[in-house]
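Each of the next two complexes has chain A plus one more chain, namely chain B in the first and chain C in the second.
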Partner chain A sequence: MRSVFVGAIRRGAPAVIIAAVAVPPILIDGYALSVAINVAQYGVMATAWAMFSGPTRYVSLATVAFYGVGVYTAALLGGSMPWAIVLLAAALSGATLAILAGMLTLRLSGVYFVIFTFSLSELLRQIVTWYEVNVHRSVGRYVFLDVAPAHIYSQLLGLLALLLALAWLLRRSRMGLALRIIGADLVVANHIGIDTAKVRVLLFAFSAIFMSTAGAIIAPRWTYVDPAIAFSQTISFEVLIMALFGGVQLLFGPLIGVASLCLVFEYLSIQFPDQLIAFLGLIYLLIVYVMPSGIVPACSAVGQVLALREKAVA
Partner chain B sequence: MGNMLGLCHVSKSFGGLVAVDNVSFTIEEGEIVGLLGPNGSGKTTVLNMISGSFRPTSGEIWYKATNISRMRAHDIVQVGIARTFQLVRVLGAFTCAQNVAAALAFHPGGAFGRAAVERIERLLDTVGLVLKADALASDLTYIDLKRLELARALALDPSVLLLDEWLAGLSGTELDDGIALIRSLRTQGLTILLVEHVMRAIRALCDRCIVLSSAVKIAEGATGDVLSDPRVVTSYLGSHDA
Partner chain C sequence: MKRTALLLAISFAIAGFSGSSGQGAENKIRVGWAISKTGSNSIAVATSLLPNYRMWVNDINAAGGLSLKNGRRALVEVVEYDDRSNSEEAVRAIERLITQDKVDIVLPPLGTALNLAVAPTLAKYGYPFLGVTATTDLAPELVKRWPNAFFFIGTGSQYGEGLLTLLEQERKSGELGNKVAMIYAADAFGVDLSMAARKLMARYGFDLVYDKSYPVGIRDMVPILSEIKDRAPDIFLCFSYPPDTLLVTDQAIIAGFNPKVFYTGVGTQYPAYRQRFGHNIDGVMGPGGIDADNSEIQRYFRRINETSGGDTDRFAAPVVYVGLQVLQQAIEHVGSIDRSAIIQDMKTAHFATIFGDVTLGDQQLAKRWLVGQWQDGEFKGIAPADVNGANKPVIPKPAWK
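Let's look at the complex of A and B:
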């Protein structure tokens, strides 16, 4: 029963993705398009987050650090460089930052890694603020880039498709196995010949590339950015909660989490802007206490119980 | 016959505590050597340094002609040294076959995916776990966990095997099986260093023994001689007038 349930979702989710890509973005406009862009953006970040943090169980709150770096790369270079170069520069900046941060945190584990990644985002926000105030002479800046929302949406979908394909390959590769072993027992991983430090840094950088590229793609949508917007810690927490809500063990789990929570967060941030973080906390508690492996495995567990009951009644 | 493993004036201290103090010994190819001593005498620390979990504070560790003192654990595995752990460590959420597959996947002589299937089966067969290939490691009994850990170490294709109390907790026929298994590994060309307390196993297996007491080497030699050495008896049982 369980395998049937999970199997159905595994088969169903790609169909949904393909359908979403197949709908030409020109056909949807206005509010629907802005929601779709949001889903695609968080879809990229949550899938990228789960690719590293899922198997290794290193919970990262640096998502917004990489995202913000991408946003600022586009804001700084967007006006003067071809768009492809801007995206490449964003990807490279994210990777470089992740490799530096990764090398600094090799000996950290558990909560220390969480705190470091949280601080990294805050540090970058302070550095960018300092730069903007002292060099650019204004905290905020305008991003006048003529990119249509439909075009932003297609780019994000393309990035998401690429990420899912690579994540799918990764799960079948030796590298994917190495990550799962690292998550299960770091000592065993070292003693069966895995260079755990290298694997962790590489995968951290690999996931960061997608976060910073997403940031660069979305930047033209904002017209105005300042460090408090681009490096808002809420984004890191939202990504983490969406990924965990869907379930990080399944390839499409984080995407399912994003699809279900994006609208909820949208509603909450409009209706209760000051209480949003409290709601995030509540959802987090719900995940930890009720469905630690995410909603998909939780649903299949419920399905199993119902099936057993049916059998018992019959 | 040549030296497989050599420790040269090796010391390890943790803060002010000296866990291993100026210990030297060599092990020749094909030998089974016992590393003995009371609890806390530094035996596991010696294994941890050889396998790369810790670096020695001073002194050198040689594998054949390679100085491995500053190498990290994953490189030492590639060189040809594998170990088991005193407190058994297996990947609980993986099946037995997956545990062995994990060890086969990351060294040059290994295999991954379909190429590994046959070798996994052979390794599980060696340790007597072939019928439990698809059982989760977390569901295994204690003896089976030990077998699995050995299969994983053997999957690394080592020439030196470090066994940390691998026979502890086994009794009767289990112990006989275990002793026979280790003996069969020697005939396949492995050199083995084992930390052990089970006297029957030590007498049955070890050509030579090295005894540590309070971080220092106090005896070394043929098993029978070492076990009757008054200093060794004293270190285990206390002196007559104490």
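Let's look at the complex of A and C:
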């Protein structure tokens, strides 16, 4: 009985989460909208991150590199170009950067790749800073675009829907199968004729497109951007932890992780503004030690144990 | 797992009880702020912003509250959040303060980036916005965009212009030579200042023998300083942030580099600077300053030392307090929390502050100290020379001991 129940929850949860995340923007305002925007932007980034890092098991810390590129694309072009062009340019810059970085590094494995992606964000931050100081002669840029928060939210939701649809298709495609084989065993993947480098570069670029577009969409919200804001490493770590919390093997896992962690963070920052950082640390530890494969698998594991116990009693 | 779930459930239950807002409490005014208690801004917040906010609230409540219409008094109640030095967190926290906690007044976060991030939200809800630590060259345009916005601390260019005007006068009077070495942190305030200074140096005919930026978070200035020392400048300008201000002073003392003018940026005015370098601070210049002979100012620093248990800086801190004084008096002039009337009053009225009588024409504070210098253990304002209580600059600065 219990296992049927758990199964129903597993099937039903994504629907509930999507309904909760995708509150129509006309229904909410003010603070609720702010929270929804945050959930939506992290939802896009965590899902995009898991799309690449989940199957390939390459842990990328370059999320903020792509996000920052998107932010700067909006800051540079936002005032002079139609918005659709700006978003397109952001997507293209993200993809270009990912292809370049991917070709250079995806032959690296394990920890070397992690370090490279981490440094990529830092390198970009330094390059942009150098350019702003020596060429633009001002470190900050002003983004004066009157985009209403509800509009930002709708765009993020649209992006999220597109991403989920494509990720769903990908899982059912030959490419998705190739990725899973790469993640399981790179040597085998090479031997059975998969062009592992090409597949990984393509997917890396594909996930980068969504990260940089999210950055471009959110940029008008801050009025002022500088390299420290756009390339803040915290974002990469938060995306990673949220995706892991939800579970990277499932399509909706990252989104569930984002929705629940964003709300928990929000709650903690209201109730314990002074101890917030300590709580964040505890949550990270909890994820790594207690449920390394995410909360959804962890919950269903608990459910299975309970079901077994019930059987034993019967 | 079970226990975690239980803990979470309990915590959410508690949240349900304590999350209610204080509407209907007539004798209370809710003041909210979301500031950087953690992250890159946290030291500056703890030095310049928070001691002011706390003292201001305590003083009002100790005096029985703000005086409103019909002899009513209203005590101030505080809602405080941490923005973690992050723009998106700051925007969300301000939305939360306004729409959930229903605060009557919002006090600003620290720094140009966070201030500009929250300004559109405050404008949307019609809350007065005190840009007490926002140094942006765009201030004159921003006040047109945001009718609720007020800027107090001036722009990077103003500090650069104030400095060069002073140097030009001193050079004309024969105290100074022509050679300037300039370095600056690759960040907003540093770049703005250097831009303004470079332009004026060209106009006045100074000889800029060294002109380079350095990255924020620099760990070693020795190579830069030895290169500069070789060119023997009369004037050394370093538009720095607190960590590099300490670093460059420290390494200049060790290297025995003692130009006639030694100017460093943010951090020069911090109490930590005086503690670290003792008598060596004499003659060092930087942005900001105070009128040390003014009894109001003296009283302010004495009081803030008592209430915060530590000293505060001589640049942003008094400006922040002036902003709070203006806000308080505007609320009391209006006599209620009618925010559009408060904003209107701030634009037109006169205010008695620790800077004397001030007005906010063009929604900006017109005058403040642009250059200060450590003299006899106090960071005294020396420019502009036409501000009341301006001290004479000491040039050349005394040798390092």
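Here, the second predicted complex is superposed on the first by the 277 of 314 C-alpha atoms of A that agree within 3 Å, B and C clash if a C-alpha of one lies under 4 Å from a C-alpha of the other, contacts with A are read in each partner's own complex, and residues count from 1 in each chain.
One rule holds for everything that comes next: contacts are C-beta pairs under 8 Å (C-beta built on N, C-alpha and C of every residue); 3 or more make two chains touch, one makes a residue touch a chain.
Since the model is a prediction, treat every value here as computed from it, not as a measurement.
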Which of chain B and chain C A:F144 touches, first, second, both or neither: second
First (chain B), second (chain C), both or neither touched by A:G281: neither
Partner chain in contact with A:H191 - chain B first, chain C second, else both or neither: first
Partner chain in contact with A:R174 - chain B first, chain C second, else both or neither: first
Touching partner for A:I218 - first (chain B), second (chain C), both, neither: second
Winner by number of chain A residues touched, once chain B and chain C are compared: C
Shared chain A contacts, counted only where both chain B and chain C touch the same residue: none
Residues of chain A touching chain B in the complex: 174, 177-178, 181, 184-185, 187-188, 190-196
Chain C-facing residues of chain A, complex: 29-31, 33-35, 38, 41, 126, 129-130, 132-134, 137-140, 142, 144, 218, 221-226, 228-229, 232, 234, 264, 267, 269-271, 273-274, 276-277, 286, 290, 298, 302
Contact footprint of chain A on chain C as seen in their complex: 1, 4, 8, 11-12, 14-15, 18-19, 37-38, 40, 80-82, 84, 86-89, 91-93, 95-96, 98-100, 112-113, 116-117, 119-120, 136, 138, 145, 186-188, 190-192, 195, 213, 215-216
Contact footprint of chain A on chain B as seen in their complex: 51-53, 72-74, 77-78, 82-83, 85, 89-94, 101-103, 105-107, 110, 112, 152, 155-156
